[in-house]
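Multiple structures are listed underneath, in structure tokens.
Paired with chain B in one complex and with chain C in the other, chain A is shared by the two complexes that follow.
Up next, the complex of A and B:
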């Protein structure tokens, strides 16, 4: 049993005729301090698993346990002190009319933290943004800077578990590396537990100790990082995914 | 602050505001700069500014008493001249003075309707849009019911129940003018309620009230402000219409619509009696329309910002 257990999770959207069964009986267990990856193609239900964990998608069957205790729906306020999420698109995840200061101050106000001024300044410097950014609006920031703000917002509540929903897929390659290194550093410094969703196997191989391959809402197989690097996948689908991740290859002449 | 000389403009447009207020003022200043470059909007703003000043300074501007006329034998229905800029009406009252004092009534009507109808519309619309489901259904059906009330008929009912007067006209106009704002606010809310920044607020444990007030409302207000400003002309016209029908302001109050009503008997021979208040209504309505158009160009969240 780990820090975060997902047991036989089902997620069903909508009512009977147009029902979408997005996640079908997915189980995995994330140990404390581990970085766990979920990979799969678009529509495989990997993001939905994250959303179900944090309460943005319904848990239609199975259970989610945090520290051995089943979480309730709707999640209590304390749940969000333990679990936070970073969204995929930094252009959509910050309120366009709120300054960075307000973005960071609001979670502190909601959760009743003290020393807010210090915490905000520290959160900004932790993600590599100077105090000059504090009173800017999101439209005055680049995509990478926005994503840093989103990370700062998630970490300002000092959670144990950080859910990362393709945190770099909306950024260009050089910024991707920057944000990934930032996430790596923060995990090492704070002993965070990551659950990271990505369609990019290279990113997952870099970040995660273990990973789950999903297809059509089902878990296909679980791999360790070493197995991923050694390409010792046991199922056809994972092998296809690995081959696809190597990129374009010209057809061999016959 | 820093050693380098810094103009106020630089301070406002700074990329790195040093305080909450500087950020807010800077944002405001940027909006103002965009607004200022719009000529028609500035014309509208000037007209509304003149209206507000006139209303405030009415006792200083008006040369004559608006209610008590001059000599009924010699000063009735005088044509415009230097001593009576817009002529006099059938009770020998100076029309210019009455228009100046009437601007107060117009402004009160507009302000009160805006203050009553706008928050009500925003509240109903955002709550309905945010919660969805049966809350949405109930609130929107209530909105439909209010939309179905004809303004003038409702005003008539109010006047019958409470007696004629400008207050009852204001209440009637306010009650019938919030539903479009509610629908607009709901539509805006629906487009943002599943966005990531709202989800992020939910993930911080924010209550629904905090999300609606702090996150949804600020994004709805700009389109509502535009809509309200554009509706101002309609509100003025409705108030004038009620006055014209004798349901709004009561004589001898110098309400513009009522002035037109009393002047229509002399329309052929003494055209100025009805025309001057008509021109005032026209100019002020136009001013609000220009202003609303300009605000739309500047505030529309679907613009470049």
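Up next, the complex of A and C:
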């Protein structure tokens, strides 16, 4: 048993005949303090797995357990105190008419935290944004700056488990390094547990102890970091992922 | 048509802020032929603002000035809305960085692609539908029929990005500005999408401005690279020679990348030197 167990999870959207079976019998177990990666094809159900854990996608079959107990639906306040998610689409997840200050203050108010001023300033500086950003609106930020606000909003509630959906795919290498270092440091200092979706194998190899490879809604392979480094992938798809990570190669001339 | 598709000289974009005007693009100059030009640079360095200004998409109250801004001999400075309508979508187009935000949330994906096709001459509804489905297939969407009828919130992040690319490609523009077009795609799909862009450049002579922060990708996919820092171009290089970059910022960027095989912890970060922003 881990801290977070996903057991034979199925997610089905919509009604027949328009049904989309987005996740098919996926299981994995994340230990406390571990960083667990999910990689895989676009549309393979990675975000949906994270959303199902958070109660934002239907659990059509199987179960999700936190600390050995099945989570309740709808997820309560306690759940969100323990588990926070950073969404893939930072623009869509930030309210366009709320300043960054309000984006960060609201969850603090809902969860009844004290020292809000201090926490907001700290959270912004943790992700490398100066106080000058505090009263801006999302549309006045660059893509990477918005992504950092999304990370700050999740961290500010000091959760135990952080679900990160492509947390650095919108960031340039230098900011990515800063955010990855921050996540690494927080995990060491606060004993956090991560589930991290990324399509960048190098990022996953750097951050995660183990990883799951998904394709067409199914888990096709689970690997340790060492196995990834040794390229001991057992499925074709994982091998293709490794090959494509080397960069772009023009098609062979016909 | 000449070899130079786009000339940009001394492009500046300024926004009024509470602390006075903020210049976010500060004198950018470059020319683009029928090639793949990358713009890389750190978050907030002005890459997207540069792209938007070229297409006349700078949001209010931003102000754009340039000594020269011409596309295929047409002066874009002070172009009339009617001229923009004839150019945008048909001859020049931009794939935006936030795909889901740029898609209309209350319209199906298929309806949006068909709308983009309307720029591209007259054809029947059935023909448009076939074109749209073919385009979705070309960008590696597995079940194009379902995605055609789906609303933006019903598709994944990478699917949204490919839908945006499909919309921009249907018109076969002469100039395409692609802002982080593949950042949400897994590498196997990314390769396929890049092949399509590659083909348009090499077979149809399209000019491509490829905004990205993925240095590994850019060094293998593009011809030339502009490196931006704090609103300026600080270095221009042949893409294949990116590893020989001189500017400390560019060199720093390269060393920040994690690698599958090495375990450097913490990752090196940049000590930004105030003089780089001068």
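As a working rule, the second predicted complex is superposed on the first by the 239 of 254 C-alpha atoms of A that agree within 3 Å, B and C clash if a C-alpha of one lies under 4 Å from a C-alpha of the other, contacts with A are read in each partner's own complex, and residues count from 1 in each chain.
Keep in mind that, in the parts below, a contact is a pair of C-beta atoms (placed from the backbone, for glycine too) under 8 Å apart; a residue touches a chain by one contact, two chains touch by 3 or more.
Because the structure is predicted, anything quoted here is derived from the model rather than measured.
Touch criterion met: A:153 reaches chain B, while chain C stays clear of it. When the shared chain is aligned, chain B comes close enough to touch A:137, but chain C does not. When both complexes are overlaid on chain A, the residue A:122 reaches neither chain B nor chain C. Look at A:173: by the touch rule set out above, it reaches chain C but stays clear of chain B. Applying the stated contact rule after C-alpha superposition, one finds that A:218 touches neither chain B nor chain C. Set side by side, chain B and chain C differ in how many residues of chain A they touch, and the one touching more is C. By the document's definition of touching, of the two partners only chain B reaches A:101; chain C does not.
In the superposition on chain A, A:250 makes contact with chain C only, not with chain B. By the touch criterion defined above, A:31 lies against neither chain B nor chain C after alignment on the C-alpha atoms of chain A.
Overlap of the chain B and chain C contact sets on chain A: residues 88-89, 92, 132, 135, 139-140.
Considering their complex, residues 15-20, 22-23, 27, 195-197, 199-207, 210, 214-215, 218-219, 301, 305 of chain B touch chain A. Contact residues of chain A toward chain B in the complex are 54-56, 75-77, 79-81, 84-85, 87-89, 92-99, 101, 106-107, 110-111, 132-133, 135-137, 139-140, 150, 153, 157.
By the touch rule above, chain A contacts chain C in their complex via residues 13, 18, 20, 39-43, 47-48, 88-92, 132, 135, 139-145, 148, 165-166, 169-178, 180-181, 184-185, 199-203, 205-206, 228-229, 237, 240-242, 244-245, 247-251. Across the interface of their complex, chain A is touched by residues 15, 18-19, 40-45, 48, 59, 97-98, 100-101, 141-142, 146, 154-160, 162, 180, 183-191, 194-195, 198, 213, 215-217, 219-221, 252-254, 256-261, 263, 265-270 of chain C.
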